[in-house]
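In what comes next, chain A is part of two complexes: it sits with chain B in the first one and with chain C in the second one.
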Partner chain A sequence: MQTSMILDWPWQVLVNKYTLSKRQVVNELSTFYSFLLGFLIALIIGSVILIIQDKSPGDTFSLMFKLSIGSVNSLSSSLNKATPLILAGLGIAIINTVKLWNIGAEGQIFMGAIAVNLIYINLQLSNSTSFILILLFSSFLGGAFCILIPAVTKVLFGVNEIITTLLTNYIVLGLTIYLVNGPWKDPDSLNFPAAAYVGKEVYLPNIFGKLSYGFLICILFTAFAHYLKNNSVFGYEMRIAGGSEMTAIYAGINAKQKAFFAMLIGGGFAGLAGGVELLSQTHRVSTGISQGFGYTAIIVAAITGMRPIGIFLVGSLFGALSIGGSVIQTIGVSTYIADIIQASTLFGALIIQFFFNYQLKRVDDG
Partner chain B sequence: MVDIQFLGLLNATLQAATLLFIASLGELITEKSGILNLGVEGMISVGAVAGFMTAVNTNNIFLAIIVGVLSSAIFASIHAIVTVTLKQDQTVSGLILTILGLAVSSLLGKNYVGKKLETKLESLFSIENPSNVLEVFLSQNIIFYLAITFTITVSYILKNTMFGTRFQAVGEDSKAADSMGINVTKTQFIATCIGGAFAGLSGVYLTLSYVPYWTDNMTAGRGWIALALVIFGGWKPYRTAIGALLFGFLEALVPRLQTYGFELNPYIVKITPYIITILVLVLLTIYKGGKTGAPKNIGIAFFRENR
Partner chain C sequence: MNKFLETKNITKTFGKLKALDDVNFNLYRGKIHGLLGENGAGKSSLMNVLSGIYQPEKGAIYLDGQRRKISSPDIASQLGIGMVHQEFRLVESFSIKDNLTLSKSNIFKGDFLKSFKKYSEIFALNANENEIISNLSVGEKQKIEIMKLIFNDSNIMLLDEPTAVLTPQETSQLKISLITLAEEDMKTIVLITHKLKEIKEFTEIVSVMKNGKMVAKDLPTNDVTDNQLIELMMGTVKKSTINKNNEIGQTKLKVENINFFESVSNIKKLEEINFQIKAGEILGLAGVSGNGQVELANIISGIEKIFEGKIIINNNDVSKKGVRSRKKLNLSYIPENRLGVGLAPGVSVIDNSIVRDYFFTKLGPHLSKSRTSNYLQSLIKQFSIKAPNPKAEISTLSGGNMQKLLMGRELVGNPDVIIASQPTRGLDVNAVNAIHNLLIDQRNKGSAIFLISEDLDELFKLSHRLLVIFEGKIVKSFNTADANINDIGLAMAGVSE
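Moving on, here comes the complex of A and B:
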């Protein structure tokens, strides 16, 4: 009987000549490799689903590829689509620095858009640049406002933030439906309940072609989030605050205060995503402001291990996938394929990550 | 003669509570073993669509229940493999399980949107129009009685049997449980799948009886309310049942307030369950002062070498 025989169920059933141990040194690029292999696994799963539906995976994927990054125009659409994903993902990553979860990015995106419209209706400025900046800032505040109750209750009483942030999604979506059917209803929009369009003077212009300035904002905020998380004093304090309680006390860091501000900033990022989406793409408040960006952003943030630059890259890829997913509807393939590929990528990555963190060693039973 | 409106309210309360409660009870079992599964919403959705598809195609309601329950249990095993066997982060895996579950069920149910059921899950004792309180209780379908049976059984097993004590030891202190000779990972794996099976039962209740039809995202956050109910109930079956009845009552009452003479905005009515859930969760956490009664090992993957 081996004393070091420490494989647990169900491993022991499958292979009982091996032991499992934690690797001392984990490959630095393990997250990246896990993502790549996870994405491969997800594509295989996607192919299987397509084959079951009598569609050719090769044709479908090449069409998705062509229509999402095959030309400057389609690449621009993909990056525009990626913008809210990345911004919301960055918000989730900032909040995760203090080891808290923000599942409410979807609601914060809507709240950001609502804030923009609210300010737009009540304020008219002649200088369109400063007006746009004020509107973007108000979307940031809107997102921060949206996470205020989860943040306050978490910090003061320790209420589970996963459930409160998630439930605010439903509340804000309900509020949006109320607004576009009630006080903000645009009488000209007959088939689809929506608020009136904002004026052309506050549209976010395009850098070139279809690519919106929103993407530039996205690059700037990726850099800002990277700095905030990794290089700033606040980021350092957030990491301590998210670590052990005692360390924070010894270091003289007010962990609750850091958690509170991290949540507000993270919520603000997601709110900004809504503001950018409204000013650059939809130009009005409706339930179409977000197509699940806040949920996909969770995948994007988690898959990169909450690294801002990773979020930028994976977010761009997933934006392309979403565009690809929506265009393949025309050949009768369900748009949910893209969602399934995104979620499966993370599951695949989690499975691969295990083999980077743990090692199976053969036991010599001689 | 009892007020018809009151009977309607009672009936709606019981139905809404059953739907929430079964999923909560499943999550309670999973969490007692030390595994947090945030995928309840996705698991309910998978069970709901699988059950509905089976019912439409076969007209066999019992087969539909079994298929719904099994699909969710198998779906939950993804979470079990990733978090128990492969020891990855439970929060991440659970969240993605919800996203994947909603996407998979939308994909599967695409051609079933708007289809009607030939046979829906009928009242067990064939009482169509109950005329008193007792008859309302007797007019429920089989899943309601299953829920009551499960509550009593689960509570009894956890409190009074050796098996229950050993099971809870896994969630409280997995290393101690392991040294007692309990197979920790096997227990957690099975508990996660059982949680999925319960969520699946809740799902088939939704599509075969409560609504009964299929549309995208029809779970509408009920999985998350079920998660909140576990906290509300302090990880105890009876208290969770009381919580479910309370929420069921509110879900039934709010749309009916108009018939009692209150003028309410229908859009505001829709978001009240979520506001109430947050409110109750906050008040409860304050009241308990942070001592929630959660299993101590929840969220921490078991790895023997960590001993």
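Moving on, here comes the complex of A and C:
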């Protein structure tokens, strides 16, 4: 018929010549390789931006390297920085086992810190170890409480959790601003809106140097999340519920219940991140408790394909990048170079992962 | 006779699988062509190439002697090639008229009402053109799908198993309609099927595919025998006669006065269902899909909890109990929806293999990796499943292997009661035989089996007794030995004498 109507646009020529097909077998380490290549791509992108700004990428990256992991002290700072990222990332990964997305880690981090301060104000214990443990536990509950409404609405009415968890971030941020400007405002902080510092008796001590016990908590919870996801009955039931709610019901698994508890536990992890950050770093509630940890944690979790051990490693690297990024200001480079590298790593890794999952094949005309 | 459409050396691969291997295929104007083959033989792949959905890696397509490149469904449609898929592709919320005239390249410009009236007569369709698609029955939707091709000005109509969803009576009607279209409108029609009877009744020319290859083409249907076609399709003909004089034991499953209303619409889905199955007995439930079979299976297995009536397994009233307590009484359920209900998509082979047994074998909150992997390996051995990588996602297995995994998982515990819902749907002949043998073995071991199927051959082959369900009621019951296919077909279509 009217072949002339069929225009060969450039993309169509490509589409005609190549075809994408899903690979049957995907390398088990593909996520790891995609991360490495993604990180390489990110470094290249970062270098280009640095060159445009007339800075030497070599000097900048070596300085970042030196000041983030070059000494025991800087390494400790990096790992301390990584701790909330990793904990929140683990929470996201646990929730993703039932194929749900937690965009609300940021709010849960704040809620964890708020819970710590609330209990701290209303409870005074002489034994500082048990007090610290109780405060950490309350931060976990705070995070779980924060995701309660998204969890209930998801399970009962099927409300999209991406929207509700995102919205709770703004609610909790508003609550924080209210608290630090109102009831909890520390008169000694002058005009800076912040709550009063907690007492030194509840500071999380350091293991050695500057490395906080928070990092040890982080290691323990990484192991716990790994076990929960991969080796426990609960993890198995979450996987089935995430794969297909109908299969879960068929198997006698209460899919909604699994989703509910997965959300609470995941929220608790992020809350714990806030508690650890307060007790080990900031020591008081303010809007600076989290510097976007809850959002960066989504990147970390996504890059690693929601694997707890991967989250631990990539989280540590991202912590180091943040520390490195904050120090290169001294040579006149914007700290945002670290953010650019983090975000480009995700993009790069996702694109590479795509080619692990699919292959491009030339169509042979024969 | 001139070739209207010709394909030369079409090759299409998916991963390592050669779906189409050097396929040559011819179509002649105004004829009804049969394309016969087992599941997975490549019939649908070939049709998808002709309709522009798949791009072959090799090969050429000639239409009226001119070489054409069909790089998208839109281009296929411009060239006058249209396809009806097994799953309907209608816009459910649109009217019949909107669906029929919906097209990118060939928008219908003639007198719609006149044409609609003409083709409604040809298809024996009694519906107003403004009727919304979702109000139509499956058979009516099928008619609209085929009419859509006509309104899209398709001269080549590719029909992928159009009779799968039809009752015997609707199938006869379709035959009359297609013959009219071929004779009066000179439409070129391809009927994909794996039912010999339809090839014989519908088509003039038949081609046979096997394992991605065209093993015979352009055979005049009248000149070939059933045995010849079967041999081409399957290589060898296996005849199996099942001995039905096995030992029958105690009653294992009693279903008493089941009434069920769908919760949202409050429509009565099941009415006064009563039957019993004894150990060693296979009770078949015949019926066209959607007459309450899924609901009944869900009620017996415990998935659906709100209903009237009683379910008694091994003399235990489990009407108020859940899925697990019924599993503990050794009930197994092989659901109709293999991937989505029986198996969880996106989850690994090994995780899917323990869906039934994980809560029997777990150690507290711990799930032992070695135990689960031993369990899977024993299933693979016992039921000869091809699943090389336990961590691979379940949908990387073929349909037959998925079903074997599902059946194996449900049968390995030697269940007292088995509900098998459409256990062989969409499987090739070898897989079907394997599944049938599993069910017969299990019957001989003393399971009471409730076999829900649309495939009358299967029901006749396996069951001792047959029930026919129509609109939620058991309308007929037969002893298989005394039953005849016509009576059952009529009962399935709701015709009562």
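The working rule: the second predicted complex is superposed on the first by the 342 of 366 C-alpha atoms of A that agree within 3 Å, B and C clash if a C-alpha of one lies under 4 Å from a C-alpha of the other, contacts with A are read in each partner's own complex, and residues count from 1 in each chain.
We adopt the following convention: a residue touches a chain if its C-beta (ideal position, glycine included) is under 8 Å from a C-beta of that chain, and two chains touch if they have at least 3 such contacts.
Quick caveat: nothing in here was measured; it's all calculated off a predicted structure.
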| item | value |
| --- | --- |
| First, second, both or neither for A:S21, with chain B first and chain C second | both |
| Partner chain in contact with A:Q329 - chain B first, chain C second, else both or neither | neither |
| Which superposed partner A:S56 touches (first chain B, second chain C, both, neither) | neither |
| Contacts of A:Q257 with chain B and chain C, given as first, second, both or neither | neither |
| Touched partner set for A:T129, first chain B, second chain C, both or neither | neither |
| Of chain C and chain B, partner touching more chain A residues | B |
| Which superposed partner A:T153 touches (first chain B, second chain C, both, neither) | first |
| Contacts of A:Y358 with chain B and chain C, given as first, second, both or neither | first |
| Partner chain(s) touched by A:N231 [first = chain B, second = chain C, both, neither] | second |
| Touching partner for A:I162 - first (chain B), second (chain C), both, neither | first |
| Touching both chain B and chain C, residues of chain A | 6, 21-22 |
| Residues of chain C that touch chain A when the two form their complex | 8-9, 11, 14-16, 55-60, 68-69, 71, 75, 78-80, 301-303, 322-324, 327, 333, 335, 337, 340-347, 351, 354-356, 358-359, 362, 364-367, 369, 389, 391-392, 396 |
| For the chain A and chain C complex, residues of the former touching the latter | 1-3, 5-6, 12, 15-16, 19, 21-25, 28, 99, 231-236, 239-240, 242-244, 246-252, 361-366 |
| Contact set on chain A toward chain B in their complex | 6, 8-11, 20-22, 49, 101, 103, 149, 153, 157-160, 162-164, 166-171, 174-175, 177-178, 181-182, 295-296, 298-299, 302, 334, 336-337, 339-340, 342-344, 346-347, 350-351, 353-354, 357-358 |
| Residue ranges of chain B in contact with chain A within the complex | 38, 78, 81-82, 85-89, 91-93, 95-96, 99-100, 102-104, 106-107, 110, 183-186, 189, 220-221, 224-225, 227-228, 231, 265, 267-268, 270-271, 274-275, 277-278, 281-282, 285-286, 290, 302-305 |
